[in-house]
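The first chain written gets the first letter, and so on, giving A, B, C and D; residue counts start at 1 in each chain.
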């Protein structure tokens, strides 16, 4: 069967410099560069390789949460229980380690706990589709942290530094320069990026995020995908818990407090908006480093954390506001009026 | 058109954030400089007076203090005291305040000051163990690390400047409870729920002291945790009062807890029936301290956080200059004679296996002296 | 002169960023007339209505009401001039009661407070006037589309509107319900209201209107007296070209039976539904609204679960639990609700077409953009869409072109059965003919097609066999030869007829 | 057909089922600790949770229009801190003036959020996420890391939260504010066109637009009102605790949202009633106050609270499904 009119359709995307320039990611790259220029100007200690790697390490453990959070936001959902999942995983890692379980098994237990928490979120979300994921994860957030508190009360559980390889997960440096965690993060990020943009699963995520019903009618297993993503989120909460435990050599029930908002903030600034179906993995990754290095740079000149709070919040609002303002139209209107 | 506009917006945002960032630095300096406090003033005078060329505490290094969190006046007094001495001795002081009172945020601060290449770090820890790896790394780079106010574990510090001996605080508080209760009755502890060891160490110490037959008629009904949050502390105080209507004394070894408890007792009209003591900031507690039944707290204790900061600063400089090594048994004398025994201190073995320097005995705030001190801190 | 026209618009122009939605448009509405407004989708009718009601402010032109020039600054101004509109996509508040929906914006207020009692009473009275079968306290979201439309009409009545605009009111109504609507519309006219009636259906226009105005490509084409213009001329005016054969169903030899449904039941929706369809055959499935045709095919497609019943594909029983099972078995669905269920509006057409079968072009894990584009290009060209490139967003296309993309999308899968739910709903005449043409070609290629439609000419013209449903039950099956409009209606109203007979007997 | 059985009224009405949950909770706690249902204890409950009641009223508005605001804790701190600083530096400031200052600051905070959400179309969760850190940072900055302590407040201000002069000597002042607010909200939301507009915007914003409702203005108004109420809460909070700290009200937004959700407000907008929200807040408050009273370990409370919130929303869904199913069964084919 061929079209009667014989009309042909262009199948190649035209390369357009203009399009590339108005992309959100381009904008982020520019800010990123400017922040770096600013940082190296205000502190001559900024541009040092070990310093920068130390700086990246301090925000990369949270950045592990942005990977699955990108997926969660992409399909138009939200998970505000990630911080609590990190806490529960970390606490159980500590408890089992101190109960005599070998560290490798304790790590697996932590990951399993994360998976279980995420799975619970997912199961509730797909069995009770009437519920907004925000409500579900608000409930589980309180529940998970509550369980962590029940287990550990006001105590902390520590002594992880006695296991050298575990300590090295966070503190170790390959060749004395590149942190182990950085390498692991880059590997994970590449995998997530490929999945998001080059895989069938990624394409389907965009479909689900853009229109859940249309995705369902197109034969996409929406519940399965949601369950997978929530569980994956749980797994990476476990990963984050492992690195945080390695970082601190101990665990407490209040580990990871507020991580959820940090992770969501990074994704959103990166263009992966909360409405679903939008954004780009690269953008999210740029924003992870942008926020982290901005904070590091300001910290180097000892800007008070209060001011950093204000800058961070204002940056988030402005960044998201700019593309929404539709300034082009504003100018066109003006032009019409003057004409 | 759009493109241009975007870049303009971008520049505005960035310059705005830069402006905020830059203006922040002097303003934080400014505030600390313009609000000198009474005892500190005398310190600075002493310090600069003695800062001769032969002064073992003279320095041109950079010193960092990391407090528990931003937005708490107690922490601010501590860092002010530290800064005053460092600057008087010729050094540069870096103050880092974590966004929240967590170990994670403190690690970020440690990273920041390590990158800045400071000579010493003084830290009031939010968690005993969690900072060990980060601080060890700092020590590996030749940075001197000490803690004050709330200790990090023995592995990750050279010395701990303790505001008061654990045993001493426990004994003092128990004696206060014994005195206020009239020797017998039910009492309760309202603590913070933090893992910052000091509260728990004091409570453990009090339980130990209680073994003495002198305290046998005192009955501890329980330890309540107010999370160092005002509202939670209020709820917990209410819980104490409903759990045991006959409770006679509440002991709150935390500045937030004691305030909350004082407020509840005042509001409930129980100031005559239930009495309060513990550790509190005089400025926050001024309203509640008094000998009569209209006030709930006959007296309470605390040390001077400014002096704590002062001493910590001298110790930091001492460590860097090699005057102090941090070994047990070592003695040293700081230029400020208002500290300790005319400025001389002995480093002692601490309970956790490390070493510590004890600032002095806790200071009692009574109805007589509260007015004077509440203006200070 | 001023007396003759209650509403007059002169030289209205409205520009949206990049598009001229209305270009120097004229319109005159006489007092007490029903005036049909016709035009293909995208001709600018919806924008035109929004200009009249004050939602959009025109960039040029003048509006006269009763001969006086007015400026409508917002919907409130429109309302105060007695203008009310019943929009195409029902604009209801699903969480609120019928009463509130009727009185939203002009609540009955006594001393600053809402008088709920009086409002409920008035609403009930209005509903009674419209022969409605629901209560004023019902929640809007629980009503059917036809019932919601009734509420919208009641809303227009409640505001004592002098000018009532109805945008495609019959689009989701069945013959019977449309008949009821005609009656109400005429009654409104007789009571002195002037009505602008927008519809794709010619029968609506013939039945109601005295004059008709045609728009094409955002421009005014002309105004005609209905009894003085021929069907053919009107289509030419709308389309700008002549359409000859509307239903080009070629003669095809039917193959084997492909799909058979036996005693399918879903509690509360339908009971014992059975039918079958053969390769190369177009099976028409029709009935009035509430016949639950869509529910049946959604169950076959795996969107909903049946309580009992069997589905056979090429003689073998299959279990379909979710849409991907259906697609795997070779059943494709072209949904009635293109914009929400069929296509992803914010995506380009290429990705929409290949979405269902991405694994086919790449592998289980990775996508292959090149292969996808090639396939999408071929499919998009085969349905003759007007899109320029594969990266054109669906939302920028007209209804007809969107539908073609939706067809291309289901053709991407390797299917045996195509279920098409109201394939020409909301599509203009020109595109309709093209869709019919495509359906004919598909049948020729050996697909078994189930077509659901409420439009009688479509059902009669295209179907090889017709299954009629009434309130959840199959009430009749007719071959192409024996099918007539009257017979179909009789089956479609089987239940109400039976009840009427019962009453007569009693 | 018009007659509804008692059972149906109960299962059919969200409010009625909340009342039952409430009664069960109260009876359970009272049976374990008789001090719970004494007038003093009940007054204490309302007094200490007055801030939550005030905030849930405002949050309900924002949730009904399909928005959300997680910055209220920070707004509370910022406005409360501003008022406290004024009281500290100008001790002669009267109580109403201090309250007005706090409300004014809150209103401006809310207005800014509303403008960004309604006019710049930034998703509310993102906007308020940012505002949360901005306002919190500002609260710390204006206070220069200090607290305002009891001795720095005027006597009248501290006494306000403890006196009963607004309540004719019977009811605590803060409780009076809560009662007035709830009555006003109930009347406005149910009985005035303004209130119904809010529901209309939440139910279908597009439809509201064509029926002449100024959607952006309604949105702006809702966020502004919530901001004003957060400001009011700031003053109430500092008066109640006679102390003002930069971190006050941290995390209160989650409690407030949870109370709204338990009270039947839909996070998707369009649904929610003042009575339901009141009952929801009461339930959350009773859990907070009651659990310590019956000797539940403090470390268990969070887990129990989380479980109760989850169960409440899940049971609500199950009941709704059962009702839908029953309705289908009745439908004859």
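We take it that a contact is a pair of C-beta atoms (placed from the backbone, for glycine too) under 8 Å apart; a residue touches a chain by one contact, two chains touch by 3 or more.
In this text, all values refer to a predicted model and were calculated from it rather than measured experimentally.
Visitor: Provide the labels of all chains in contact with chain A and in contact with chain C.
Guide: D
Visitor: Comparing the two chain pairs, does A-B have more C-beta contacts than B-D, or is it the other way round?
Guide: So, comparing the two chain pairs, more contacts are at A-B.
Visitor: Comparing centres built from CA atoms, which chain ends up most distant from chain B?
Guide: In terms of C-alpha centroids, the chain at the greatest distance from chain B is C.
Visitor: Just how far, in Å, is the C-alpha centre of chain B from the one of chain A?
Guide: 35
Visitor: Using the average of all C-alpha atoms in each chain as its centre, how far is it in Å between chain B and chain C?
Guide: 72
Visitor: What is the distance, in whole Å, between the centres of chain A and chain D, each centre taken as the mean of its C-alpha atoms?
Guide: From the centre of chain A to the centre of chain D is 30 Å.
Visitor: Going by the contact rule already set, what residues in chain C reach two or more other chains?
Guide: Correct list: empty.
Visitor: Show the residues in chain B shared as contacts by 2 or more other chains, in ascending order.
Guide: 70-71, 97, 100, 193, 225, in rising order.
Visitor: Using the touch definition from the top, which residues of chain D touch two or more other chains?
Guide: Within chain D, residues 140, 145, 266 contact more than one other chain.
Visitor: Could you list each pair of chains that touch one another?
Guide: A-B, A-C, A-D, B-D, C-D
Visitor: Where on chain C does chain D make contact in their complex?
Guide: Going through chain C, the ones touching chain D are 50, 53-55, 74-76, 78-79, 85, 87, 91-96, 100, 104-105, 107, 109, 112-114, 116, 267-271, 471-473.
Visitor: Note which residues of chain C are touching chain A in the complex, please.
Guide: 17, 301, 303, 322-324, 326-328, 333, 335, 340-347, 350-351, 355-356, 358-359, 362, 364-367, 373-374, 376-377, 380-391, 409, 413, 437-438, 441-442, 445
Visitor: Which chain A residues qualify as touching chain B in the complex?
Guide: Chain A residues touching chain B: 18, 21-22, 27, 30-31, 34-35, 38, 42-43, 45, 48, 51, 54-55, 57-59, 154-156, 158-159, 161, 167, 170-171, 244, 246-250, 252, 254-258, 295-296, 298-311, 314-315, 318-319, 322, 327-328, 331.
Visitor: Could you please specify the touching residues of chain A with respect to chain C in the complex?
Guide: Touching chain C from chain A are residues 1-5, 7-13, 198-204, 206-207, 210-211, 213-221, 277, 328-329, 332.
Visitor: Under the touch definition given earlier, write down the residues of chain A that touch chain D in their complex.
Guide: Within the complex, chain A touches chain D at residues 78, 124, 128, 130-132, 134-136, 138-147, 149-150, 153-154, 261, 264-265, 268, 273-275, 304, 306-310, 312-317, 320-321, 324-325.
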